[in-house]
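The next block holds one structure in the form of structure tokens; read it before the comments.
Think of it as A, B, C and D in the order they're written, each chain with its own count starting at 1.
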Amino acid sequence: MANMKASPTDYTEFASIPMRSVGPLKLTGVVNADDIMVPMATYETPLWPSVARGARATAHAGGIQVTVINERMTRSLLLQAPNAAQALEVLRQVQQRQADLQQVVAQTSRFAKLLDINGEIIGNLLYLRLEFSTGDASGHNMVTQATDQLTPWLLQQYPILSYVSISGNYCTDKKVSAVNGILGRGKNIVCETWISDKLCQRFLKTTPAKLVDLHIKKDLLGSIAAGSLRSANAHVANMLLGFYLATGQDAANIVEGSQAINHAEVTPEGELYFSTSLPNLIVGSVGNGKGLDFVQRNLAQLGCTATDVEPGTNARRLAAIAGATALCGELSLLAAQTNPGELMAAHLKFER
Amino acid sequence: MANMKASPTDYTEFASIPMRSVGPLKLTGVVNADDIMVPMATYETPLWPSVARGARATAHAGGIQVTVINERMTRSLLLQAPNAAQALEVLRQVQQRQADLQQVVAQTSRFAKLLDINGEIIGNLLYLRLEFSTGDASGHNMVTQATDQLTPWLLQQYPILSYVSISGNYCTDKKVSAVNGILGRGKNIVCETWISDKLCQRFLKTTPAKLVDLHIKKDLLGSIAAGSLRSANAHVANMLLGFYLATGQDAANIVEGSQAINHAEVTPEGELYFSTSLPNLIVGSVGNGKGLDFVQRNLAQLGCTATDVEPGTNARRLAAIAGATALCGELSLLAAQTNPGELMAAHLKFER
Amino acid sequence: MANMKASPTDYTEFASIPMRSVGPLKLTGVVNADDIMVPMATYETPLWPSVARGARATAHAGGIQVTVINERMTRSLLLQAPNAAQALEVLRQVQQRQADLQQVVAQTSRFAKLLDINGEIIGNLLYLRLEFSTGDASGHNMVTQATDQLTPWLLQQYPILSYVSISGNYCTDKKVSAVNGILGRGKNIVCETWISDKLCQRFLKTTPAKLVDLHIKKDLLGSIAAGSLRSANAHVANMLLGFYLATGQDAANIVEGSQAINHAEVTPEGELYFSTSLPNLIVGSVGNGKGLDFVQRNLAQLGCTATDVEPGTNARRLAAIAGATALCGELSLLAAQTNPGELMAAHLKFER
Amino acid sequence: MANMKASPTDYTEFASIPMRSVGPLKLTGVVNADDIMVPMATYETPLWPSVARGARATAHAGGIQVTVINERMTRSLLLQAPNAAQALEVLRQVQQRQADLQQVVAQTSRFAKLLDINGEIIGNLLYLRLEFSTGDASGHNMVTQATDQLTPWLLQQYPILSYVSISGNYCTDKKVSAVNGILGRGKNIVCETWISDKLCQRFLKTTPAKLVDLHIKKDLLGSIAAGSLRSANAHVANMLLGFYLATGQDAANIVEGSQAINHAEVTPEGELYFSTSLPNLIVGSVGNGKGLDFVQRNLAQLGCTATDVEPGTNARRLAAIAGATALCGELSLLAAQTNPGELMAAHLKFER
């Protein structure tokens, strides 16, 4: 170890993170299956039984319904104009010339498709938020490459512009933001479940009313008091981290992924309605990290290596499972926190 | 794999994340060393040469000076009073009775010391933000256990209160917030370096002026435009993730850790002043995840397993190195983005 | 008009904003009265009957209980040190030398008392958040003057520092922030009321359950979705504006004042519990704007010109009434929005 | 005063706010004029000479160039579906049927034109953000009326939906948000000026370099540290308040208006480039408050009562002047803060 160097040709070791598959999860909606075993890698091993409990409760209650609201990957090229009027003129033209831009993009990838161009003008600065569909890849590199190709073309078409950055933080990558949730980055996923009072008590040791009450005072009011931003959950970051590491994702994307919003209520029928909305969940079934053996096994186990499907299908399935896993963990932790002492007792039992 | 179950007694596999040590880093301030090889585990392998470049540039320039502003771990017990006046009365009394609370806490841990109690009152809800020093542990479990012990005691001392949650999201754990940076959670670390124009050009292929200009338009204005919150950096999450996985940290804490703020300027002497402030960096040298062999080796390599030092010393050293590593990655990526095309070229070169 | 100049000696006209007193409000807690007629100046005249309805409902239900959690006014002096370590050293010393600083402050005002010093260190920048009690004044000028006096003293005591700004936006004045709510600026006020189902239906044409449901989906979830920050209300800004203009306040402070948080629930007894917490409500009964005749009349009408009371008493009373007025408007608007069509019908009826 | 009642038929008094016209302002871009005297009503009278100084400096430097990036007014109808999938189905259909919706809207106003429909789905909740052009009106009531008309139509077309609120806080009105800046509400205005070093020193008693340095450390870093949100300015709220009161605007809209972003730099030629971007500036030249005599005089003085122009022209001119006035105040205050002691001295001189 002592003689290790940073040179890129050096030998590489591995950090071996404990991993276990939990479930089975039952999903409906965009994915229909009742036998999904979800691999999660984490140093926080009490996470496994906690998610498993959520999986049991939801499976008995009919499963978790997952809806994909939207999907795209973005990069925000930052350019400078002589003044705002000229920045606006370029923005308007570029928004009209989407087909021309797509032609340039097409030279870098057969998957990257330009979906939309949003612009933000601050003074004479033009933040060009380029939005792409990227097939089964999470798409970070694909959009960087596409933007890299577009940059000289734009500078040549609009010589009044000067280059500032390939990424102006209006994308925004691996940083908290409001823009990702509002304009979209990654998959926008909503996961929902309906659990009867009886099943709540049996599997979650709580009632719909108690869980909803806690959700309001903790997820909503507590997050607001903490000065949070478009985030109202208990610990979505934990589930995403475990899932991301096990499936070869760039886990730094849990930063934006964790900006998830729970919504729960007691239905007129007395059931618990519980949902976790993840407006910017970034996952891919191909790309960096996916070549490792255990990652391939895990992706196959999740049914996300199909070859006879449209591009994007595997990644959407992966996102749906990631979201449902997050919901299971949310449900279980919130349930535990309705009962004083239960959280710590569970930790003490399962750690070690 | 197919017959894997979620039961806690099951066999555990491992997710093996590629890991390499980069450096050497030169640190001054709270840590004085010039041979620190930093292990980083990541699927995004171009991160290694990028951080290594930042390490080279800063080492040649005299190193990275690290200052620890503050440290603490928190848990926010959520209680409900009949009304705000009674919530306030309890808050005032509890803040006066810190010694009594410490006595209760002392029964759960010899390391947890109650430092301060902040309160937030929303209607009749009392968010009691309990702040502890936790020695070399990051302290999540320590503060949960302490709060768990305090809960029945508080409910008995103040029978007008009712329990809502052991954690009311005003802590706040693994979620974006403003409270963590303002009131403190984890280590508050500032990392600074001064690099001459000549060394900037030699190692970073840019000038102080170009890098500062980009920093302002991307880190500051771009983040503001994106609706970010107490966050102004390029990709701190990447470095923290790699470092956290290699050193057995709960990497879900990169959510708050990534809320880091760069500040850069050209000094009157024409040097680049570059700093990365990480107001809520959560790390520990003991606790969950630290028992694994490679983690122990990495902690030892970093000099964070000393046994003849005050509690907290190893964790502070770890935090200093984490912060300095983040600065190296920031410096290198920002430098690359000042030159169109460089970022993608580096990615294509270093990825396989 | 054409010959009007900007010179300070010029003739001054007046903008005459329609004003009416609404009520009577019934208050308990820090203020005990049931005959408070609240003056409000606004171009949005439907606001008057709306607030009046909230006043009627709460008065019949036993009134609005107001609790003052905290009070202070702040200014954040911005200084630069050679590096973070020296900034920290100064911060620690200054926090220890509060009595010395108070001596300097005492030369500028007999009311300004230094309560606390918070510091934020970003790189080599030191944001010194000086917190004062300011008697019955809102205190903007008092703290500016105090900080102005402290600046040369600090620069002389700590010659390593250089001056950047008398106000580094960490105060923060008339701008949205998280720091004002968390560390305090102005009065931190909680207003609460308990209204039976019967009175809800009689005065507000809705039920506790319907109002709470709307509050959760609009104030809490809607604000979170909108990317709001420590703000969860319907239109607190409206009531504060009307009240501020009528009582000679600097109405630009509605920016931070509007970051108010409603919390509502149906009690076990079936009552509506409704609260509006205003963590940074800035008001004063003396100072700029208070010399105008109609302002004096309004302050007298509100009982905020008492001369035989401790400094600060009048301002606290004023804050309590402002907060209660905000609650009345919140209650009435939310009630109206539970019934489709009611909001617009009311507008059409009362405008003109 | 004592016999005043809240009944809508009662006599109304007036709050008389000191008002003065400052200038002349010189504008280019969307407005071309060099003799604009801007009326401002405020209790903070030092604001007048401060804005006047900014006006002098910019007029001598060639004026303030104003660009209108966008304009619209919004209302977010909140509906509930049985689940997210059905909410999504409705959203997609509604976005396709914009012409049908416009037909319904057309019955309420000849000015309101539906521009776009944004949707946010949280669990089973559908926040339908309806965006309209509203001619010369700020449009609050116009969009409420249009949405009021659309609600029964939507509930009839999509019987699976149930009504929650005419306004789900995703509009968002008079509350801090990220959505208004990103998706637009009111006018999105950029104001820019270029001032030579000589004129800076002559009129602003500072240099371009000093002002830019302060801007970075206060507007940008200070706001970030304060936990601000899409806001980076010194006191935009002050100028907007004064302008809004003088021109009959609903001044509660300064809450979102104050989320303005300054961007300044020293140009290669050594000039000061200074800009204030106001992404959600809400103003109208017709509607509530505009019937008062002094308001009509002020609107006429500003050239915003033209009758031979396209609808929207007067309101855009008004917005341009409001933004330019804000820039003048920003420039002057920032300049003052570069010199220790100047701010307080100016206050003491101009206040009475």
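Just so it is clear, a contact is a pair of C-beta atoms (placed from the backbone, for glycine too) under 8 Å apart; a residue touches a chain by one contact, two chains touch by 3 or more.
Protein names from UniProt, one per chain: A, B, C, D = Hydroxymethylglutaryl-CoA reductase (NADPH).
Note that the structure is a prediction, hence the values are computed from the model and not measured.
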(message) For the two copies subunit D and subunit C, is the contact made of the same residues on each side, with over half of the numbers shared, or of different residues?
(response) same
(request) Quick one: point me to the chain whose Cα centre is farthest from that of subunit A. (result) C
(message) For subunit C versus subunit D, what separation do you get between their C-alpha means, in angstrom?
(response) 21
(message) Just the number, please: Cα centre separation of subunit B and subunit D in whole Å.
(response) 38
(message) What's the distance between the Cα centroids of subunit B and subunit C, rounded to whole Å?
(response) 34
(request) Going through subunit B residue by residue, note those that touch at least 2 other chains and give them in order. (result) 120, 122, 125, 178-179, 182, 213, 221, 223-225, 227, 229-231, 261, 263
(request) Under the touch definition given earlier, write down the residues of subunit A that touch subunit C in their complex. (result) 178, 181-182, 213, 216, 220-221, 223-225, 227, 229-232, 261, 263, 265
(message) Give the list of subunit C residues in touch with subunit D in this complex.
(response) 1-2, 4, 6-8, 10, 12-23, 37, 39, 41, 43-45, 48-49, 51-52, 55, 76, 78, 80, 120, 122, 125, 127, 141, 144-145, 148, 151-152, 163-180, 182, 213-214, 217-219, 221-229, 231, 233-235, 237-238, 240-241, 245-246, 248-252, 254-255, 258-259, 288-289, 292, 294-295, 297, 301, 337-338, 340-341, 343-344, 347, 350-351
(request) Show which residues of subunit B lie in contact with subunit C when the two form their complex. (result) 29, 65, 67, 69, 83-85, 88, 120-125, 178-179, 182-183, 188, 190, 192, 227, 229-230, 261-264, 273, 275, 277
